[in-house]
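Two complexes follow with chain A in common, the first pairing it with chain B and the second with chain C.
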Partner chain A sequence: MKTINNLVSKVLPKTILYTALLSVLLPLGVLLIWSFAGSWPWPNLLPKTFSFRVMGELFGGYSGALQVLFSSILISLAVALVSILISIPAARAIALYDFWGKDFLEFITLLPVIVPVTAFAMGTQILFIRLNLSDTVLGVILVHIILCLPYTMKILTEVTKATGTKMECQALVLGATPFQTFRYVTLPLLMPGIIAAASMAYIISFSQYFLTFLVGGGNIITFSMFMFPYIQSGDRTISSGYSILFIATSLLVFILFETLMKKYYHVEEVYFFN
Partner chain B sequence: MQELFIKDLHVRLSGKEILKGIHLEIRKGEFISLLGPSGCGKTTLIKTIAGLLQPDQGEIFIRGQNAHPLAPEKRGTVIVFQDLRLFPNLNVLENVEFGMRMKGVPKGLRQQKALSLLEKVEMIGFERRRVNALSGGQKQRVALARAIAAEPSILLLDEPFTSLDVNTKEKMIELVLQLHQDLNITTVMVTHDQRDALLMSARIAVMSDGQILQYDTSKRVYEAPTSPYVADYFGKTNYLEGMVKGSAFRSLLGDCLVPLPDGPYQMMIRPNHLRILAKPGDFIILSVSFLGDRMNALVGYQDQELWVTAGPDVELTVGERVNLDVDFSKGVFYKKEI
Partner chain C sequence: MDHSKLKPYVMILPVVLLMGVFIYSLLNTLIQSFGILPAAGLNKWTLSYYQAVLSRGDLFPSLQLSLYYSLVSSILAVILGVLMSALAVSSGFTRKKLFQIFKVPIIVPHLVAALLILNLFSQSGIISRVLYQLNWVQSPQQFPSVLFDSHALGIILAYLWKEVPFVILMVVTIMEKIDGSIGEAAVNLGASKFKTFYSITLPLCLPTIYTSFLLVFAYSFGAFEIPFLLGMTSPKALPVLAYVEFTYPDLSHRPYAMALNGIMVVLSVMLTYIYYRIFKKGQKAKAGEDYQ
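Now for the complex of A and B:
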């Protein structure tokens, strides 16, 4: 009996944890090895020769990878920022106020995830062409925002519901103006949700290929578009290198979000109030 | 001058009338309690005073000024909520400073004041602590200090002691009374505990179903309740049926003179105004419960049952026949509707 208990309470969770960890880290390791592989014929367990040509490709300047990477990061940051700015008040309206057609509106905000991207993209493309937004950075940012809003809305609505208005009432009676209440009480309380939602929006935008290609018309190149031909062409070394760079920059941006926000707002854990 | 004056206040919440015509006035520096069972509207009343809820009818005057156009942050009415609501992203000192910081008080000054208040509530040494790391009593002290630091013209306490254990509660009551004495802040306390209300407040407003039934000094509310409902709220009590005829009240237990018009009456008499006499009589002791400092006995006489409070030293046994002394001068009379 004791051994079974021990198995369930200790061994099993750890096994699951390490399996999950391994299934993430192992492919990453393979990617890393591939990046520096010269030739790696079957059935060798490790590459026969190593090469550093990926460093030249990534950071040599001739491929333009870094420029694309930076403009891509900027586009995704803009998408994350605007999505959050829209979602905070919208989530508040849905979470805390009662108005006619609220349930329907809440459902509508989820539509971009329910409708297949291809179907949704065609309609958007026609509209954007009419509005002269096609082939522009603004158009790309807009279409990414539409795609991100369901996620940021869902996250922030739940967080707003959980925090409620209790703390805000307390701030008001202590003499804080509505703006001060938002700035010093609401925003810090929402911060864990904002970080989660912003990270989500960033990664959705950053990894978007099809929509960027369609709306950007090939004029707007993002990093995921840039690396796509390499993955397709089968140059595993270069595409592995780009993949590593993709993951590393995303991770860096996430860490940056979190440390900056937490440092600024002194938020150390997630707080919920009922 | 009146610090707070409320006239015919009606408040509806989601279609239901919660407050049905409240009248209330509080003098400067006074400590009053709103006493009533949960759901009687007492929390709604303080939220309306603070401006968090809008009245449908009636007026609130704070220091003679109509409060209606004033936003909550401009009223100077600070609520200490039952669930305390300390800001989790701020430490103890920052929480206490909050009100002053919002008003733009310079850092040095507000820190100095916050520290002196933390000293008053005996929380010195905790100023850098996270509020989530504090115990219930400590959180209460911080919440109190934070409210006082905002320099309220009226301090509103919403069921301040319900979540505390008995010993912590005793200390907090002492602290609140001490602070009230030192700072003389006009205070309204919401409570459902009649003992807290009697112990702490100069006047008590007994509420039921959105109305104030009686608003008077603690002594008057206890000794001369204007209705059986108010009398019942302060614990078990006895009602004696009788008739008044020619200024004399006649009842099962005896007669007394009262200046009342003729008719059927009910006399309310508290258990502590009845005394058990050890010599055998017509009263039977039905039950006895020992409460440490006193005893509650249920005494029967014909079909009447009476609660009597006795000292802890009296020897009472169930089934014993005793006599009863009724202090008719303490009786409160209610006219019976026919």
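Now for the complex of A and C:
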């Protein structure tokens, strides 16, 4: 009886969890192998020959992949930065103030994740042509920010609610200026939420295909757009290689975010959601 | 006007402006769907585009397909995600470094998720190769074509790969908090572990679980990439159908695309509104409001 109990309470959960982890990792492993595959005919389980075609495409110069990657990172960093900058005060207003229209604002900021992205993207066209924003980097950054706001607002509102104003009041009572209070009390307290929200915004922008394609009009090429035709045409080696590059770059940016913030703010816990 | 009363409005101003752009664009889509598109010489309000779209033969199969794969994938994602969260919390797995692996699919874009499924499940994919080694299939053609078929299995699998970890990450934080405080008290008072989970932890997690369902469902219902890359040519998923109509060279054809978008918007906003009402009501009634 004891062994059966042990089996149910210890072994079974572990098995299920490890199976889940494996189903996350296994497809990525195959992706990694494909990215170095030269010829990999059916039914071989491993490639016959390996090649560095991806590296060639990447550094060969004519495809411009590196340039696209670099400008794509810059666009997404800008999106993350601006989303955070405008969400911090707005989240503070929602968390700590009472004002007319607050519920409505909360509902509206939820909409970009609810409404199909096609409906939003196609609707921007006429407005953006009129504002001279279509086919521009600024236009792309703008629509990306809109898509990120539901997440950055939600995360930062929760964090602001959780930290409250007690610590700030203490600092003010002890004679700190409002700026000092913000810089040395509020900001460090918000930092875990800021990192989480910035990471989320970065990845939403970096992954965005359809919206970038429609608003950028093929003029602004991000890395997601660059990858798309390779996936569509079935060039497994190149598309897998670029996918690996995509994932590695995002990981690198996240690690950079976290170490920078940890260095300056001594934040111990960094979290993705809530 | 009192100065301090104005302050929150100043704080929300940039966000409100951007939301204004969003709402304006959305209204543009809807207005065009009613036949107002001056750029194409269309100036009369009409329901004829909706009538035309609703009466075309491929609308209902498309709608059915979109609802089918988004409902199936999000229901499964929530069930599996909550199950994994419960197992991870109760076995202390969340504190392990390995648990961080569940964050990886978040940074993988949907188009790469589609590629992962292609690599695995296409007729020349890894699974068909493994089955050959096991002597179950002799040629790629013998492997059942699970992609691009009417069961939309490829689309569902791709969404599951992305969404189960998403649900886990959303639910696990809140579940851990509840399990650590109230759950412990219940166990101390003599409730069994299973009973505690089922009658205390799970109900308190419900609002988060509903939210994760809504996010996942709304996304998969309206997203373009995965059904475009892994779907059949006919019927097409609704977002794909809308895009095809949108790319029609004649601008006066545009309202058809917008009417399709209009149908999607109405469905998704209706769902959110219902959710919002239930959620807001439920939140007030719940004793566990602190955990929101």
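In this text, the second predicted complex is superposed on the first by the 255 of 274 C-alpha atoms of A that agree within 3 Å, B and C clash if a C-alpha of one lies under 4 Å from a C-alpha of the other, contacts with A are read in each partner's own complex, and residues count from 1 in each chain.
Here is the rule we go by: a contact is a pair of C-beta atoms (placed from the backbone, for glycine too) under 8 Å apart; a residue touches a chain by one contact, two chains touch by 3 or more.
If you're wondering where the values come from, they're calculated on a predicted model, not measured in any experiment.
After superposition onto chain A, the partners chain B and chain C occupy separate space and fit alongside each other. Applying the stated contact rule after C-alpha superposition, one finds that A:S239 touches chain C and leaves chain B untouched. For the combined arrangement built by superposing the two complexes, chain A sits at the apex of an angle of 100 degrees to chain B and chain C, based on C-alpha centres and given in steps of 10. Chain A is touched at more residues by one of its partners, and among chain B and chain C that partner is C.
Residue contacts after overlaying the shared chain place A:I231 against chain C, while chain B stays out of touching range. Within the superposed three-chain model, A:T136 lies out of touch with both chain B and chain C [touch as defined at top]. Look at A:R92: by the touch rule set out above, it reaches chain C but stays clear of chain B. In the superposition on chain A, contact is made by A:V117 with chain C only, not with chain B.
Contacts of A:S63 after superposition: neither chain B nor chain C is touched.
Smallest inter-chain Cα distance, chain B versus chain C, after superposition on the shared chain: 13 Å. In the superposition on chain A, the residues of chain A contacted by chain B and by chain C overlap at 271, 273. Of all the residues in chain A, the ones that touch chain C in their complex are 10, 13-14, 16-17, 20-21, 23-25, 27-28, 30-31, 34, 42-45, 86-87, 89-90, 92-94, 97, 99, 105, 107-120, 122-127, 142, 145-146, 149, 153, 203, 206-207, 209-210, 224, 227-228, 231-232, 234, 236, 239-240, 243, 246-247, 250-251, 254, 271-274. Considering their complex, residues 5, 7-12, 14-16, 18-19, 21-30, 32, 39, 80, 83-84, 87-88, 90-91, 93, 98, 101-112, 114-120, 124, 126, 128-130, 132-133, 140, 161, 164-165, 169-170, 173-174, 208, 214-215, 218-219, 221-225, 229, 238-239, 242-243, 246, 257-258, 261-262, 264-265, 268-269, 271-272, 276 of chain C touch chain A. Interface of chain A with chain B (complex): residues 166-167, 169-178, 180, 184-185, 188-189, 191, 265-269, 271, 273. By the touch criterion stated above, chain B contacts chain A in their complex at residues 50-52, 71-73, 75-79, 81, 83, 85, 87-90, 98-99, 102-103, 130, 132, 146-147, 150, 156.
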